[in-house]
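Here chain A shows up in two complexes: once beside chain B, once beside chain C.
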Partner chain A sequence: MIEKDVAIVNRLGLHARAAAKLVHLAGGFRSQIRLSLEGQSVDAKSILGILMLGAAQGMTVSIRCEGEDEGEALVAIEELFACRFEESS
Partner chain B sequence: MSGQREQVLTGLGVSYGISIGRAVCVENHLEEVFRLPLPAHSIDAEVARYHEASELTIRELTQVKMGELPGDMEDGLQEEIGGILEAHILLLKDPSLVGRVTARIRGEHVNAEWAVHRTTAELAEQFEAIEDDYLRGRGQDLHDVGTYLLRALQGISHHELSEVEGDIILVADDLPPGEAVRLGRHRVVGFAIGSGGRTSHTTIIARSLKVPAVGGLASVTQLVTDEDPVIVDGGAGTVILHPTAETLEKYARLRQAQDAHDLEQQETRHLPSVTLDGTQISLMANIDLPEEIHDAANYGAQGVGLYRSEFLYIEQSPKLPTEEQHLRTYTLLAREIAPNPVIIRTYDLGGRKLARELMNTREENPVLGLRGIRLTMARREMFRTQIRALFRAAYHHDVRVMLPLVTSVDEVREFRVFAQEIAAELSQEGIAHNPSLKIGIMIEVPCAAIIADLLAREVDFFSVGTNDLLQYSLAVDRNNEHVAHLYQPLHPAILRMLRFILESARQAGIEVGMCGEMAGDPRLVPLLLGLGLRRLSMSPRLVPEVKACVRSLSLPELEQLAVTCGSLATAEEVDGYLDRFLKQTASMTEESPLEVLS
Partner chain C sequence: MSLDSNATFVSVGELLGEELSELKLEVLSGEHHLDNRITHPRVQKPGLAFAGYYPYIRGGRVQIIGESELAYLDTLTAEQRAERFDHITTLPIPVFVVTKGLTPFENFLDLCRRRKVPVLSSTALSSSVIKNISFFLEDNLTPATRVHGVMVDIYGIGVLLIGASGVGKSEIALDLITRGHSLVADDLVTIRCYHSGDLVGFSEGPLRHHMELRGLGIINVQDLFGLAAVRDRKTVHLVVELEPWQEGRVYDRLGLDETIYSILDTPCPYIRMPVASGRNVSILIEIAARNHVLKMQGHHSAREFARKLEVELERKRTKT
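Take a look at the complex of A and B:
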């Protein structure tokens, strides 16, 4: 199991479109992937969970991956956060 | 839920009678979502129905997403819309959402619509706790998904109340009239409504269907769970939740006694409606639904004083009734109650009475807006159908037309020109009709009352609509608890208006009746007759009691009563005087052998 904190830098936070991208990305890995924020932990493969996390710009979420491809998964997800979910702002 | 304690809710009894049944809650914020309990054997099929709806929705959204978006749309916007659709598709597929919905169907044995509606609503509510404004607004995505699913489910095969077994007590915060009519058709034996006063449409419909109803039950939908046993006592204005076995038994007995009394009352239908001194008083019926004509006949009404034709429209809205449908209905009414007259009021739509699809207007204050005769003249094509049918029905029967919300002589003249056009059209087409169809008006706005003498020269009859006349004259919304005590039928201003209206009609030699609630109140009947009214129209069920009252009264005394009441300064003084008069009459009748109706 590996875990890492990442900051949310895009303007709108984990909104519907960003969440959709994250779900697609996470769905491509076999590992279990969870996001947590302020004691709440959700499945990164469920858009409902991600939306309900209410993660806004400036917050820090913790990503935890567990499974055979956990390393790759973590790197990929970190990258998505860093590139602001490929949004212009 | 048998373990729960009996609970008595007190509201406003709006339709008489006692009924015992099981609750069905109606939620009407989304398009018709009912919570329908399902038998165990159909649960699997229901879950499958949900999956089917979900897959259908996903396919449709995918098609939309793949399809071309309007060409001039910016790339950024295209991408954004595509992203939102994608998010919605993911939500529909989300195992957590799917799991919650199916668990609800299986756990609560309910229909998929309800499970979807409640689940998405609950989830959307949880978004309210999110701090960030933008993300909190994402609860909307859940609502959207819920709406897609409901639409798909309803297309796949719609649950109807007819699938529920046993007698139904409909529990709702509010019911739009179209819904109430539609639902009333099923085995609905009672209504328990959160909002609604005595003149609300649910009330009117409940009465017409002879179904007991209690309104004004705040948050009733939160207190009741589906299939709870419920007693509705429309006479007492109470609703009893989780009644004990004893209570159930007591109410079953009460209901029997009421039924017996009701039959007894119907027996009086052949007695003439005359005062002790031999004056004929014509007691007519107010009806909403054609079926009620049988009640009118059974309770001894001498004609229909008010047929609220908008219900023809409401029942099948948004489709408009055809000329033949109008004609059939009017002929049916007239035939059943012949040779007595049937007064058809043209659609009284607008105001708070739905018909948004017809009006297509956004009005700040619709009660003072495009409604009644104003709507008739503004939407002539729609009314042409109705007026044609009226001319035709009047050829064989005593059918008359009455216009609502008239405020000026101009409106009457304008309508007459319109009616003449229609009559000419019928002549040209060679269709049998009565060119001298009687045209009357409602006197229900103070300005019409004040120019009653001018209006009387232009029309064939008046009918005083006291419900609106009182509200407008006294500037009181009777459903508003803060001012309801100011709704005073005996206010000197009202008595003066009535006197003037009656006098104007008498001088012009036209007929005048009253079709508001005052007309059916036995306590007020002596005063109304004293003022000179000879025609009263009321809910059919009230006819026997009012007739009994008429038969116990002697006109000369009543005229004196009206004169005295007219000289008093406040509603309270009039009320007190009337009270003393009634007590005196009652003590006299007790000794009198003329009490025929006991």
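Take a look at the complex of A and C:
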């Protein structure tokens, strides 16, 4: 199991389209992937779960991956956050 | 999906068929020229042509002569009338229809006979003749295509289900019928595109109101479920393509964007619906129809939700 804190840098935060991208990416890995924020932990493969978090710009979420491809999964998800979900701001 | 466009003309003789029997059309002259071709769905009243202005008489259109035209012709001298009749009968007119059971001028009928233009008569009023003939022509001259699929009316929304054979279209339609919705067509749906841009689905010929179910064969839906379980025609509002669930394929998770399916070059809202065991697809399709009603009323659930979330995220945002 690996875990890492990632900052939300895109302006809109984890809004609907960003969440859809995250779910799509997470769905491609076999590992269990969870996102936690302020004591709430949700499955990164569940879109409504992610939207529930209400993660806005400036917040930090913790990503936890567990499974055979946990390393790759974490890197990929971190990268998605870092590139602002391919958004311009 | 197989494309086969409709006929580009209707013969004058076809006006005398069962569909327009209400007009009680009779042939006054030109019974040997009933194969003349009507190529335009809109009819014309040749009043201005009788007044001497001919440019707007379009070839291939049915010309309706009513009481006003005949009353106007009465005010002309015999020479003027002869000159107008002579000119108008040289134009590429497929047929004249005289309404209200009126009798046209004898020399007009003679000219028409010689120039191979049939003249029909109806006892109905001009307004009914125009309405019925326009409707008939529109139906028979509009572009049409046949789509392999099933069409169902769900809460007044015409839903066209398409997808490969064996994906379960008919079974899903049957499920929807048992839930109180009505069948428009099974297996082959004829779709016409009207001038208004409306796509209308029909079931044609002996297939109408029947379904084929594997293991049961052909059933008559109207006999089994009653009159309310079938419809003869319905505007296509939504196209749903059913496909077997494919692992790794990206399915729409948000519903924020509208996708389009083109039928006869006309765009129609489109949903791709994966079918997997354990998914009750008919309920999903019923929900899709309900959601479509909401969208037509201006409520877009997905977008409203996304907007609320964005407001919330903006409020919580700490500027960096």
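Rule of thumb we're sticking to: the second predicted complex is superposed on the first by the 89 of 89 C-alpha atoms of A that agree within 3 Å, B and C clash if a C-alpha of one lies under 4 Å from a C-alpha of the other, contacts with A are read in each partner's own complex, and residues count from 1 in each chain.
Everything that follows uses one rule, which is that a residue touches a chain if its C-beta (ideal position, glycine included) is under 8 Å from a C-beta of that chain, and two chains touch if they have at least 3 such contacts.
The shown structure was predicted, so the numbers you read here are calculated from the model rather than taken from an experiment.
Asks: Once chain A from each complex is brought into register, does chain C clash with chain B or fit beside it?
Replies: These partners clash in the superposed model.
Asks: Looking at the overlay, what does A:54 touch: chain B (first), chain C (second), both, or neither?
Replies: Both partners, chain B and chain C.
Asks: Just to be sure I read the superposition right, which of the two partners does A:76 touch: chain B = first, chain C = second, or both, or neither?
Replies: In the superposed model, A:76 contacts neither chain B nor chain C.
Asks: According to the stated criteria, A:23 is in contact with first (chain B), second (chain C), both, or neither; which is it?
Replies: Once the two structures are laid over each other on A, A:23 reaches both partners.
Asks: Please indicate which partner A:43 is in contact with in the superposed arrangement: first for chain B, second for chain C, both, or neither.
Replies: Touch status of A:43: first partner only.
Asks: So, does A:9 touch the first partner chain B, the second partner chain C, both, or neither?
Replies: Second partner only, chain C.
Asks: Between the stretches 19-27, 55-63, 163-171 or 541-549, which region of chain B is in steric conflict with chain C after the superposition?
Replies: 55-63
Asks: Once the two structures are fitted together, what part of chain A is touched by chain B and by chain C alike?
Replies: Touching chain B and chain C on chain A: residues 12-17, 20, 23-24, 47, 51, 54-57.
Asks: Please give the residue numbers of chain B that touch chain A in the complex, ascending.
Replies: 76, 80, 83-84, 86-88, 90-91, 94-97, 123, 126-127, 129-132, 134-136, 138, 141
Asks: Can you check the complex and tell me which residues of chain A touch chain B?
Replies: Its residues touching chain B are 12-17, 19-21, 23-24, 43, 46-49, 51-52, 54-57, 88.
Asks: Contact residues on chain A for chain C in the complex?
Replies: 9, 11-17, 20, 23-24, 28, 47, 51, 54-59
Asks: Considering only the defined contacts, which chain C positions touch chain A in the complex?
Replies: So the residues of chain C touching chain A come out as 248, 250, 253-254, 256, 302, 305-306, 309-310, 312-320.
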